[in-house]
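Two complexes, one shared chain (chain A), two partners (chain B, chain C).
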Partner chain A sequence: MNPPPLRRWLATPAFRALLALAFVVAIGCAFNAGGAFFHWSTHRDMLRQVSVYGILACGMTLVIISGGIDLSVGSIVGLCAVLFARETLHEGQPALAALGLVLAAGAAIGLASGTLVARFRLQPFVATLAMMVFARGLAKWVSGGQKISQAIQHPDGSFSYVDLPAIFQRLDHRILGGNLSVVTLVFLGCVLLSWLVLEKLRYGRYIYATGGNEEAARLSGVPVARTKLLAYGLSGLFGAVGGICQAVQEQQGDPEAGSTYELTAIAIAVIGGNNLMGGRGGIGLTLLGALTIGTLEKILSINAVGESSRLMLTGAIIVAAVLLQRRRAG
Partner chain B sequence: MNKAIPALLALAAFSITGAQAAPKHGGRWIIGMSQCNLGEPWRVQMNADIRKAAEAHPEMGLIFKDAQNDTLRQRAQIEEFIDADVDLLIVSPKEAAPLTPPVAAAFRKGIPVVVLDRKVLGDDFTQFIGADNRRIGKAAGEWAVRRLLSIPEVKAGRRARIVELTGLMTSTPGQDRLAGFHAALQGRPVDIVFSADTQWLEPRAREEMESALAVNPLIDLVYAHNDPAAHGAYLAARAAGRERDIIFVGIDGLPQEGQVYVRQGVLEASFEYPTGGREAVDSALRILRGEAVPKQVTLNSRFFTRDNVAGGGEWLP
Partner chain C sequence: MADRLLALRRIGKLFGPNRVLDGVSVDLNEGEVHILAGENGAGKTTLIKILAGIHTDYEGTIELRGRPVRFATPHEANRAGISVIHQELSLIDTMSVMDNISLGREPALGGGVWLDRRGQEDRALALCRRLSLDFSAADLARPVGQFPLSIKNLVEIAKALAFDARILVMDEPTSALSRAEVDRLFTLIEALRARGCGIIYITHKMEEIYRVADRITVLRDGRWVGTAPADDCPEPKLIQWMIGRELALQSRQRARAPGEAGRAALEIRGFRVPHPVPGRPAAISDFSVSVQAGEVVGIAGLQGSGGTELFQGLFGAYGAVCGGSVMINGKPFRPESPARSIGSGLSYLTADRKGSGLVAAMSVEHNVTLASLPRVSPGGVLRPRLERASAARQAAALNIRLTSLDQPAGTLSGGNQQKVVLAKWLETRPAVLLLEEPTRGVDIGAKSEIYSLMRQWTSAGMAILLISSELPELLLLSDRILALHRGAVTGEFRRDEATPERILAAAMGSPEGQGEACA
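== the complex of A and B ==
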């Protein structure tokens, strides 16, 4: 006895994630800060703000579905931001070469985490925690502990200044008549890429199978180790994309950039309805989660809510939104 | 025995003044520098200032330790310096109460201690060197009022509109930079129309500024508690096409940060928060040579504007 299609749709994770988003949007309509919430520019800015987190959440989603977790992505943002700033600002490398190098570095860090998890059987939490610490150290080493900006210090203490390469403006820019930030487009591109991997590639099915029941997947011929490598490698790659987006928006490479971003990325994946146990979920849920978290932050910000109330409200509203999802499911 | 007592007393007196006869480590003074956190550019600059000032003195050997923003780690590192019997200790403590005992232990053991930037409790240290955030905030406020009153409409009677992007408001620098600024605005025709805690972080400042822009069609001036936040606010305003209508003011004035932003025309003014690194090395040398030093040194600071930045800024009045 199949329930009618509408009832079935109402029980899907996507609908429940939409409900959480609608709940937050309703709060925004009630507390609209003198109508600011009804302007597209507010949401355009929200979309820009949430983009780096969202890019990381794409990789996080792949890893979470595969049954793991990646705590290193925040540090990869810092590492790749300083690498990108160093190559473009201080070394004067052409943009494409710098992009290639930084993306390769991020993917390499991700693959290293993946190797620790897949080949050496370290628990994902432990392996990526170690990588989080290591990559942060690497970021500080690469940058000499200083932000890498347009000011270059010489050994005698004097400074010279370089112009901002065009790639910075190109990426921290808005298109469609100023209505959409390029970094948001990059985020949507990452969502699309993740969707293609999860839904269209054989490896996507492998990621679900590995996260659902690793032993069963192995016995049915899924290349579990290679699947995990792919998930962590892509997470590292997205981390590098996030780092580049961070650097172009700050116009510098900050070795501290991305601290605690991994937690926001996990929160986005979870509030969208992805299951931390693995095997289930989807990138669409992560997109909805990003919109929910982004909108919530924006509402608190435009209303100039104080820091203490803001933290308490964020915690309370996240719980309310997740509980709301659960109720509709039951 | 009778001879030993005056000698011991003399030794005790030396310990109190921090004076010592000769270096303990093969002809060099070994100085331990305990830095609470190297995650902030300002503190990286402090260490760089110390290193640079010490280069002129080959008789000084420096050992740096970074507590990575962990109070107990800093405590352990100070204790390591005591065990290593360094000739002098420079400490920039993360917080006062928990770091008072190790600093006092070093001082009582006869190791002179120069405390930089943040205080410890009590009197068991040789010298405190720091700048006055309240005074800097007040100077920024007075400058802002003068600058705002030069806008024709404000002169004509419209109240000026300020956005304040604060540092972490649970930290004393944030509280003092706010209090000093607000003191300068008392009774002046200016309103703070939007205020948010950026936690010293540039990305947070950009986000908060976007919100400020969304709810305020008119903003005259942005006062940020550090230069990165002022820069983040500028980027937000530029993305909204409103950067030319707004005056940006920041604090810290680091050579590679605030001063550059002023040169680039991003900020109209940056108020220096001096690191005291060079002064700490000067004091260390005087203490090690047995000279008396004042218990407390308040550093003067400069401010940088478009007109004076090329000439190295101007001292606060």
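== the complex of A and C ==
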């Protein structure tokens, strides 16, 4: 009656996510842009470029499994990028103090979304849509609508320049003989943290139960409201980490940074096989999803595909990859 | 000899590598009620879904009045005169009763573009009159979601009949109906039979089988076991067909004689649950009971009598809104939240397994430990070995049939799903267990297992409050039975004085049975 173990494994979401990745890699091998696809440096750059999206996707995964969605993370990237740039470049704060402040700000925005969802029972889409708009406004208010860079404009119109603090180089840097970017490590750290929460902690189980059947969870004594607060709070925190990485890569704080990143983060989670209905999925799937999206983008860029075709192809390939993963009916 | 309406010939079906149906043949005559029986997982629902055009890749043939047909969509099956009332209702809660009834074939004007509102209303009203559903035009315009489950069930039937179906399939239509509503449904079935409709009827309830059946077909493990006229198929034979063995006789002998035990595990005085809508009469106005350790107290009540509200209130699902005094094992207890109740030794199995019991996407193991997670995660960190041990112990104790503790709980059969939810509550080591419809949607084999488990638990000292809409079940399991009517106790019976008639009369509001609880 029961399928053999191999067949069962072939039906798992993890295998299907791997299949989607293999599919994209195969495309890369076919269109290798004169062998560029076979160089590690191509993949190293891919990993660096996908890292900020991947970091956001970690938080998105937690929220999606809890049965929600977080549209505010792109705006949190913008807010935290300008906050970080202002504190380090203009205010001259020590790096650790700036990091602490920015992470706290991101977590606070996430907790605010969580409060709207858990206590005031707003639909996650609506609550985080409002937070997305609000946080973008906050980013512009903090920065005065300007990019915050090394150039400081004085009231008399003259400019002076500040040195880039060491934290910028330290985070936007490569290790292991130039083979791995630090932001990629930060991304993998976020994956690890999410994995620990989801798989090892009681609260991780609460996240799955809440997303799977909220009423059953509540009646089983699961603190549903606190669980949602945690998921959105962590999503905000990861948004702040993404904002910091964005700022060090751009060497400035752009209040427009991170626009539409929330959509890429959702795409990564979905292409990995996480179910938007909540209750199932995992961070490993999100990692595979990030690699799939990153590789895809890289293939399109090394083949010098124009932006218009690139967007259309990306949309088509997302659909293809998700169809590939869909379980057969029954 | 009545005309043959329908013949299913050698139907087979695979889900992936799993064979769920194997060469099943069933036929249906005009004016016949044909019972399809079998344990959960026997393949009844799959067979119905093939007939309804939901599953389209199957083996074998379907003949409609001698002509082979093959439905590609549910709509095609509908147009051919086959209507199915599924276990899970197919109503859209946010749409009005009227729109639901005519969904998919709204009467249209102007070449099919504009809805004919007036015609739609007239037809729906006529239909409801035929079903003796006293809906006004205003009721028809209300969203279905505002009505209780029992009314929804009748709306679902109205929807099926709006198709002028010749063949009607009912998949456990009475599982959420009160006794009076069941009677109404059976009157309707009689009328349909007289008009020459053929009805395929799936049920787990013995009394229903023998009330309506002309013929009975039994499936087991996806195979046809036998077909017989109802008169030639007495209960023992039917049960043997269904489970493939003689069922151990249900013993009424209990481990503990009533009144013998010592301490009261649960003591409730003057309990009051307010109505969710302020200003309406309380859902439970004044409820008192004392349940001894090892005792089962049954609560009989028709739909809407307040049993669910009583349990939800006691368990703290409404928060700290209830009045009166409650003691658990001699300690004062105030319902506040499910978490607090679990900690105080109270557990609550809800009637709605899918909606509020099982987390279908989670594994069996994670479901079993869900309500007792703090014990397997000291310091907030899960201990896989502790968790596995808990789940394995419960799976063995409750004889849950599964491939692996890691398989999603939703993939188990109904009876085993129910055992998983029971296991979850047992893992909390309750002193008092509130059971609401513990055998709803559960096959006969699992039912008798659940009965003997309950006996095991009570002999270990657990106290049980039991709500069941099946009187035989209440009579079998309870030491005492309370009748609940409109939120108040209207009768209390010791086991030796309880008869179905007396309980029902009290549950309907008077010893003479003059009134009737409304849904």
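Here, the second predicted complex is superposed on the first by the 325 of 330 C-alpha atoms of A that agree within 3 Å, B and C clash if a C-alpha of one lies under 4 Å from a C-alpha of the other, contacts with A are read in each partner's own complex, and residues count from 1 in each chain.
By definition in this document, a contact is a pair of C-beta atoms (placed from the backbone, for glycine too) under 8 Å apart; a residue touches a chain by one contact, two chains touch by 3 or more.
Computed from a predicted model, the values in this text were never measured in an experiment.
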Exercise for review: Please tell me, clash or fit, for chain B and chain C sharing chain A in the overlay.
Suggested key: fit
Exercise for review: Please indicate which partner A:D254 is in contact with in the superposed arrangement: first for chain B, second for chain C, both, or neither.
Suggested key: first
Review point. Between chain B (first) and chain C (second), which, if any, makes contact with A:Y161: first, second, both or neither?
Key: first
Practice item. Check the residue A:Q146 against both partner chains and state whether it touches chain B (first), chain C (second), both, or neither. Key: first
Practice item. Give one of first, second, both or neither to describe whether A:Q246 is in contact with chain B, with chain C, with both, or with none. Key: first
Review point. First (chain B), second (chain C), both or neither: which does A:Y203 touch?
Key: second
Exercise for review: Give the angle at the C-alpha centre of chain A formed by the C-alpha centres of chain B and chain C in the superposed arrangement, rounded to the nearest 10 degrees.
Suggested key: 130
Exercise for review: Identify the partner contact of A:S309: answer first if only chain B is touched, second if only chain C is, both if each is, neither if none is.
Suggested key: neither
Revision key, fill the gap. Min C-alpha distance chain B to chain C after superposition on A, in Å, is 34
Check your understanding: Which residues form the common part of the chain A surface touched by chain B and by chain C?
Key -> none
**Study point:** In the complex, chain B residues that touch chain A
**Key:** 38-39, 41, 44, 52, 169, 194-197, 199, 202-203, 206-208, 210-211, 214-215, 231-232, 235-236, 239-240, 255-257, 260, 263-264
Study note, to complete from the structure: Seen from chain A, its contact residues with chain B in the complex are 33-34, 36, 39, 41-42, 45, 49, 140, 145-147, 149-151, 153, 157, 159, 161, 172, 174, 246, 249-251, 254, 256-257, 297-298, 301-302, 304, 306-307
Practice item. Over in the complex, which chain C residues touch chain A? Could you list them? Key: 15-19, 315, 317, 337-339, 341-343, 348, 350, 355-362, 366, 370-371, 373-374, 377, 380-382, 403, 424
Check your understanding: Contact residues on chain A for chain C in the complex?
Key -> 1-3, 7, 11, 199-206, 208-209, 212-213, 215-223, 279-280, 328, 330
